[in-house]
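Two complexes come next, and they have one chain in common, chain A, joined by chain B in the first and chain C in the second.
On to the complex of A and B.
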């Protein structure tokens, strides 16, 4: 009946949907922004089931995969790349930790949402600098919320909390390897 | 009422308008604003637009099926929504309605489409579910309708619809559960033919709806939704005249430019029963709603 043209158009629309993403930085650009001049080496890391449990319990955030994308930084420090859910799509972000496990910087690599891109402002990201596993990392407590991007703010904040927990559980006791430039960045 | 000669033209315009709206959605450049998008067809979520943000919605609801005869009604709503503060949003609706009825006992045959009044709404967010925990909002919608949604008769209907909206997200915000508890206070007058206007009558409708939607792929949600409606004569809660319960699936898609939600709700049960366990005298056998939202 009369809805037929509407449904036809909707079907065509859904069929034509294409992803929309804003790529702010590549992995290499984020590495150089956080650790200028340093060389980074891919560090294979797969958490054991026990480590996953502890990370989830400690951070209060779920873990989709036990495989962690992490690089060791020459001279000390770690560089993580992780994904968290936005409202519809994943937000890809990077976290740099210094040799003591303190957050050196957070960069948004790819943002795929219609709104909330303000989380990439330097001012908002700078709130994470200096955070450790001892920091509360709570919205509107030590991390300010951005109206209209609450979900993105909360999920990135929780992601940083998870990265700090992974560092504490799996890497803090690790002797840093002599990092060499990695071909597999 | 419109004469049949202009009927097809109006329908064509309504359908063409919707298609044009969709085409505009596809062609629009992505803009970095935010959405108070609806993952469910009949149940609202508790989020509101931030200050200064706006959206346009097109809502198409098909209501079909009676115990006997042919019954098909179409409600078209165009809504403009704006965030006045970070917690308060307002909307303006322009409505059209179409009826195609023949051989339905107790209802006059008619084949008509017409403008069906306006309404405004305000929604105030008391707590955002995106922060974790419960999301709560209150909603108020006064309006005016020119036609009976059920029979298509010319009437003057003034209504006021308050709602309480609850929302809770689960599993890393991939599951969204929303519940609405609402009432609709109506004052209506049958305008009939010529100057033989009926008396003003009052009616109270209570409505409760609840649904859950799961994000199964990036941008895609699917779920189920239930809707209970009941009506009370003279606004007296001890004078229930009818009720019905609808339940069915829904699917939602969103990207940076637009979102769409399709809900299909057949009537499961109703009272007074006049067709198996359903009330097909006062309500329809099937409701299908398509919502489109555009960010701008």
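On to the complex of A and C.
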């Protein structure tokens, strides 16, 4: 016997417009997750205009600021925090590199989706800098699970490429830091 | 007895499977959760590595590049996914088929690969695959996938497979299995369009509007169940004056699924993923899709083709205890399939 398809009524769904934000890891948590037990020292790094040009050319991705958020890991390795801007999404992520410059891990720290152009304003983005899981943020509402029309992770992958170019240009030749970094994490 | 560590919840996201994969795990100590989530991500990475169309070293690429008829040794995970692919192609009468890769390549949705080494036509001649012709781009033909003991696979015809239709769901299933084995009581693995919930928890889900970004529809709750949505919101493009996207009807090679989103609830994510493709291919026959975005009941499918499609799709939804909803651009939802115990109506979620 062929089973007839069960059909329930055609209904009208209620649409909601909203932003979407999730906080996964603080910078400190990501550091511990990627380099358990290691100590990390902030490494002040500002790319020269020439270096910026090379990074943009090599990675094919724009650079909004020459200031790089990077930490040196005791025992070798580097930890970067960077963000990428899509059409609707603003993603802060961390990249860990081992002493040879190989990617050790990529973790998303925060993810925000917004509509109506606000994502392109520095003021909107600024409200998220320095946030940790201790200060969770809610946009209009925190949507637990969204499905449909997969958002691409292309921007994050491009960002990782950019981090690797920065490493190559500005850090690869640097002597690895000795233990006991003095700067705060 | 030492006091038990408090139960915690952990939520992580990583860029994998071409999207952001989010894992939420709860009901164990933080140490257990952290280990489990790390392992689950590694498993997803492993499945991605085995089944990637882009990676020249993946099992899928090795199979695609092998001469037709040549046995290829693959990982047991790859073997299972390929078995699933062939089974779904058979049960759906070709409404799902992994051999659509050449179409997606022509449309620029998959990278071009080295020209397929075409075997002698004798390989095909004896198989009586009348629908299959080497002279045109093959879109259909997972039936030419053959399996042998020892995790070996071969393509008896010069096909190029893309497992994008089910591999993401399969990776989600594997991640859930790893979390459970590691002692996680409940959790969610969400890989963009493919999501699975396990344990004693009901999770509200929302689906994106098929055309308007930033607009969501609440779909109800999910408990111990998987859900997958297919839509062309981000993959739609123009190709030689035609609207194309990642959804293609393998039987005709024509693009399908424009203007709607298709969501399926069923026990496992690979199946949910695959069933959305079966429905996408059947929309026109069922009288549910097309440019007008018209909706109606399955019975509205016209003629013999409509009746046959309704029978095949209806039987599949019943067999797998699946439920589906097709949402058009106007926000009208057409519900198909059985109301299963996993489904929690929106009214009961809020």
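In the analysis below, the second predicted complex is superposed on the first by the 118 of 185 C-alpha atoms of A that agree within 3 Å, B and C clash if a C-alpha of one lies under 4 Å from a C-alpha of the other, contacts with A are read in each partner's own complex, and residues count from 1 in each chain.
By our rule, a contact is a pair of C-beta atoms (placed from the backbone, for glycine too) under 8 Å apart; a residue touches a chain by one contact, two chains touch by 3 or more.
No experiment lies behind these values; they were computed from the predicted model shown.
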With both structures fitted on chain A, tell me whether chain B or chain C touches more of chain A's residues. C
Examine A:47 and indicate which partner it touches, taking first as chain B and second as chain C; both and neither are also allowed. neither
With both complexes superposed on chain A, which partner does A:62 reach: first (chain B), second (chain C), both or neither? first
Once chain A of both complexes is superposed, is A:97 in touch with chain B (first), chain C (second), both, or neither? neither
Tell me which partner A:38 touches in the superposition: chain B (first), chain C (second), both or neither. neither
Once chain A of both complexes is superposed, is A:106 in touch with chain B (first), chain C (second), both, or neither? second
Which of chain B and chain C A:88 touches, first, second, both or neither: both
Chain A residues contacted in one complex by chain B, in the other by chain C: 2-3, 5-7, 9-10, 12-14, 16-19, 87-88, 113-116, 145, 147-151, 154
For the complex, give me every residue of chain A touching chain B. 1-3, 5-7, 9-10, 12-14, 16-20, 61-62, 85, 87-90, 112-117, 139, 145, 147-151, 154-155
Which residues, counting only chain B, touch chain A once they are in their complex? 11, 14-16, 18-19, 22-23, 25-26, 30-35, 49-51, 53, 60, 62, 72, 74, 86, 98, 100, 128, 130-132, 171-174, 215, 218-219, 253-257, 260, 262, 288, 290, 295
In the complex, chain A residues that touch chain C: 2-19, 22, 24-25, 33, 87-88, 91, 93, 106-108, 111, 113-116, 143-154, 156-157, 160
Quick check: in the complex, which residue numbers of chain C touch chain A? 11-16, 18-20, 22, 34, 188, 190-195, 203-210, 213-219, 222, 227-229, 231-234, 261, 263, 295-299, 310-311, 313-315, 317-318, 327, 331-339
